[in-house]
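Below are structures written as structure tokens.
Next come two complexes built around subunit A: one with subunit B, the other with subunit C.
Up next, the complex of A and B:
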């Protein structure tokens, strides 16, 4: 256990040092991460005003609360692993990682955490500015806020492990962009980023309630803004845990097949 | 007799690769019907390497050298045969096994690009669970042997190729591996740096007893480091033995270099094949069996200042091995 903790301490130190080097690119990524939900916030606010003040029972101030929290939750749960995995394998970088007596996933986890820690410097002021600009209607329910913290952690774990597994498709094909684009399109829609899930047609809500995407982003958001009952929160946690177990099972078996298939190009 | 450090028996690796002709029509056809073919990169290769040996693993581009090294380091699953390195099956990728080996490859990606070299070393220290004292000792040794002092605080991206190579080798050996797989470790380096790396490998082998399997296209590396060579071509082993034995077996000729006092009217072709005439120096290639007789004739008939008899350069001998193989394959 001590070795493991020392390993993560070293990884986090290296990753944080690296992320601080990438100031300009980090800032550009953050601009995207902030603009994306703001655009939808503005679109839905305009739609609400045009529809007599609310859409699906949500006023502009409710959309503001939803999307500002979503901006923060998405920042805390997102990964970029699927975008870069193909290049790591294609250009031979992955060979060096596989030669080490440590699973490559640990460095990726450390990189992800380090990025989020470093970029909090940008995210917090962005949230403050958005709160001032859009006057969100935050409904603070103590139990819901407390429950949102483990929900965000579980959301991150489910998203990270599932996306890491999907990234392994690069061991079977080097052309993964089409798969990535499809995944991100579905994620965008079903994670509550394009619209709060409650605004989707009924059948889509049913589908979304069993797929993992909702639990990667929208579930902790809705918990934090007080839109879920305790029973709905418990159901959500159960499904998050089930998806986490499924993700861990899939990643373990896929990894074994992926290694067998690996052609170690490059080097 | 100790168990071999590396034991390879009928090791094979076949890649199934897509094939397609050039052109738009072929591209459209491949949308509906994909064709593949099997490429035998390594075919039933067998050899043993004793602990502490430095073995040269030679072959032209595409011969199967790097594929073999990748199988032995656990990166690739073999298609057939068996391999054991330090008693471990490489493709099982046991942590204990990975902690005892290193593979230094062309792209050399151990160092993190944007941070000081010493930070990459620290990361490897944590990965290989080295205690502080052990790490410090190895780092000091590497710094001395490879003159890394001025480089440790520089980000990797600011290093020259030679500097980066030294640091990559250092970070690869920090955990004191017992088996080194070195894939062209001196490629792209200047002569001074090549000699430095060779000395370092020699010293590391001498002081730790590490086993080294080395590929290189520079015969200077092979001649300086390897008593034994394994030659691979088209995935098969053509030769496995001492370098001197290679010369004996495949070199049918010797080169006689004569420095003369005068050249006028001498017909050198009666002694052998004239390779080169430069000023008052002549190089003649003669069949190995006839060398003593021809040398005697030259000494008796010509007034010479100096005479040397040499084996052809190793490059030429190995090239002959490859060429003979190509001819035999064409006949088949």
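Up next, the complex of A and C:
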């Protein structure tokens, strides 16, 4: 265990230094992360005002609360694994990582945490400014806020393992663009980023409650803004844990398979 | 100039025809993108009848304009200018500069990704369908204004990209600046008029998405004010001249690394 902690300490030190070195590109990524939720915040607020103050029972200030928290949660749980994996395999950068005595996923986790640590200097001011600009109606329910923290952690783990597994498709084909696009499209709608799930058409809502996407972003958000009952929260945690177990199962079983398929291009 | 463009188009086509499976991948990607953009409009309008006094078919037309611009940029501008930035870094721009044609024109059209024409055609189809749904409200004046404002939008976007790309003569990692454009371009899926003042200002004055997407869409919806049109004409003229001057200034600065 201490070995493991030391490993992560070392990885985190490397990753953080790297993220600070490449801070300009890191900052540029943040524009989308901040702007996207603001766009939908504005769209839904305008729609609510046009339909007499509320849409689906939500006023502009409720949308503001929802999307500002979503901005934060989506930032904390997002990964860029699926975009970079193709290059890794194609250009052979993965060869070196595979030679390390530990699973390459650990370096990726460290990278992810380091980026988020470094970017808090952008995220926190962004959240503060948005609170000032959009006057959200935060309902503070202590138990729900406390529960939202483990929910975010579980959401991160589910999303990370699932996207890492999907990224392994690169071992079979290096043309993963189409798969990635489809995944991001589904994720946009089903994780509550286009609209809070309650505003989606009925059929989509039913599907969302069993698929993992809602639990990777919207569930912690709705929990934090006090839109869920204790029973709904418990259900949510159960499904998160089930999906985490499933994701871990899939990742360990496909990894060995995928490795056998791996043949570096170049390097 | 047209002859030169035709040559590069043919080259681009020949290049892409060598990888025919790519056609299906690209079609699929275009469709997924269209479903996402139009789906979001559908979800919003399942809850409301108007969005900042835009009706559902007017907004659909706006999405069409969004696809047309997206396709245009991805077909010519983005691949050509990425190539240009690479050339500056590697010093291979020398080969372009020594050609007996205008260098700015050459770098602007040197790479053509033919399949991206799909997005343009899809966009035209979406605009056409939306216009039919809008019924007889569209006059010939609106249609020609649409053509003009689309052209102006294209000129503005082109000048903007050329100016960003010219920065490559001084800075190394300019591709990242294009990423800023794309992050902002997402906001163009909705009329910029709905955004709060500061964001509207950024999308109009700093990154010209308002003129690229919203203004042509306003024209087709018959809601374009004559002031906005003149503003677009003025901006297109100024940016075109400014980008040309900036380009010339940049080329002078280029020393030709190795090669």
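To be clear about the criterion, the second predicted complex is superposed on the first by the 267 of 267 C-alpha atoms of A that agree within 3 Å, B and C clash if a C-alpha of one lies under 4 Å from a C-alpha of the other, contacts with A are read in each partner's own complex, and residues count from 1 in each chain.
One rule holds in what follows: a contact is a pair of C-beta atoms (placed from the backbone, for glycine too) under 8 Å apart; a residue touches a chain by one contact, two chains touch by 3 or more.
Keep in mind the model is a prediction, meaning the values are calculated, not measured.
Visitor: Name the contact category of A:182: first (subunit B only), second (subunit C only), both, or neither.
Guide: second
Visitor: Let me test your reading of the model: by the given contact rule, A:38 touches which partner, first (subunit B), second (subunit C), both or neither?
Guide: The second partner, subunit C, only.
Visitor: Report for A:51: first if it touches subunit B alone, second if subunit C alone, otherwise both or neither.
Guide: Only subunit C; A:51 stays clear of subunit B.
Visitor: Which of the two partners, first being subunit B and second being subunit C, lies in contact with A:252: first, second, both, or neither?
Guide: Touch status of A:252: no partner.
Visitor: Please work out whether A:25 is in contact with subunit B alone, subunit C alone, both, or neither, and reply first, second, both or neither.
Guide: The answer is second: A:25 touches subunit C but not subunit B.
Visitor: So, A:260: does it touch subunit B (first), subunit C (second), both, or neither?
Guide: Only subunit B; A:260 stays clear of subunit C.
Visitor: Which stretch or stretches of subunit A touch subunit C in the complex?
Guide: For this pair, the touching residues of subunit A are 24-25, 28-29, 31-32, 35-36, 38-39, 42-44, 46-48, 50-51, 55-56, 133, 175, 177-178, 181-182, 185, 188-189, 194-195, 199-201.
Visitor: Which residues of subunit A touch subunit B in their complex?
Guide: 3, 6-7, 9-11, 13-14, 17-18, 21-22, 91-93, 95-96, 98-102, 259-260, 262-264, 266-267
Visitor: Which part of subunit B faces subunit A closely enough to touch in the complex?
Guide: For subunit B paired with subunit A, touching residues are 15, 66, 70, 73-77, 91, 93, 95-99, 101-103, 105-107, 109-110, 112, 114-115, 119-120, 122-129, 155, 183.
Visitor: List the residues on subunit C that touch subunit A in their complex, please.
Guide: Touch residues, subunit C against subunit A: 25, 28-29, 32-33, 35-36, 39-40, 43-44, 46-53, 173, 176-177, 179-180, 182-184, 186-187, 189-190, 194-196, 199.
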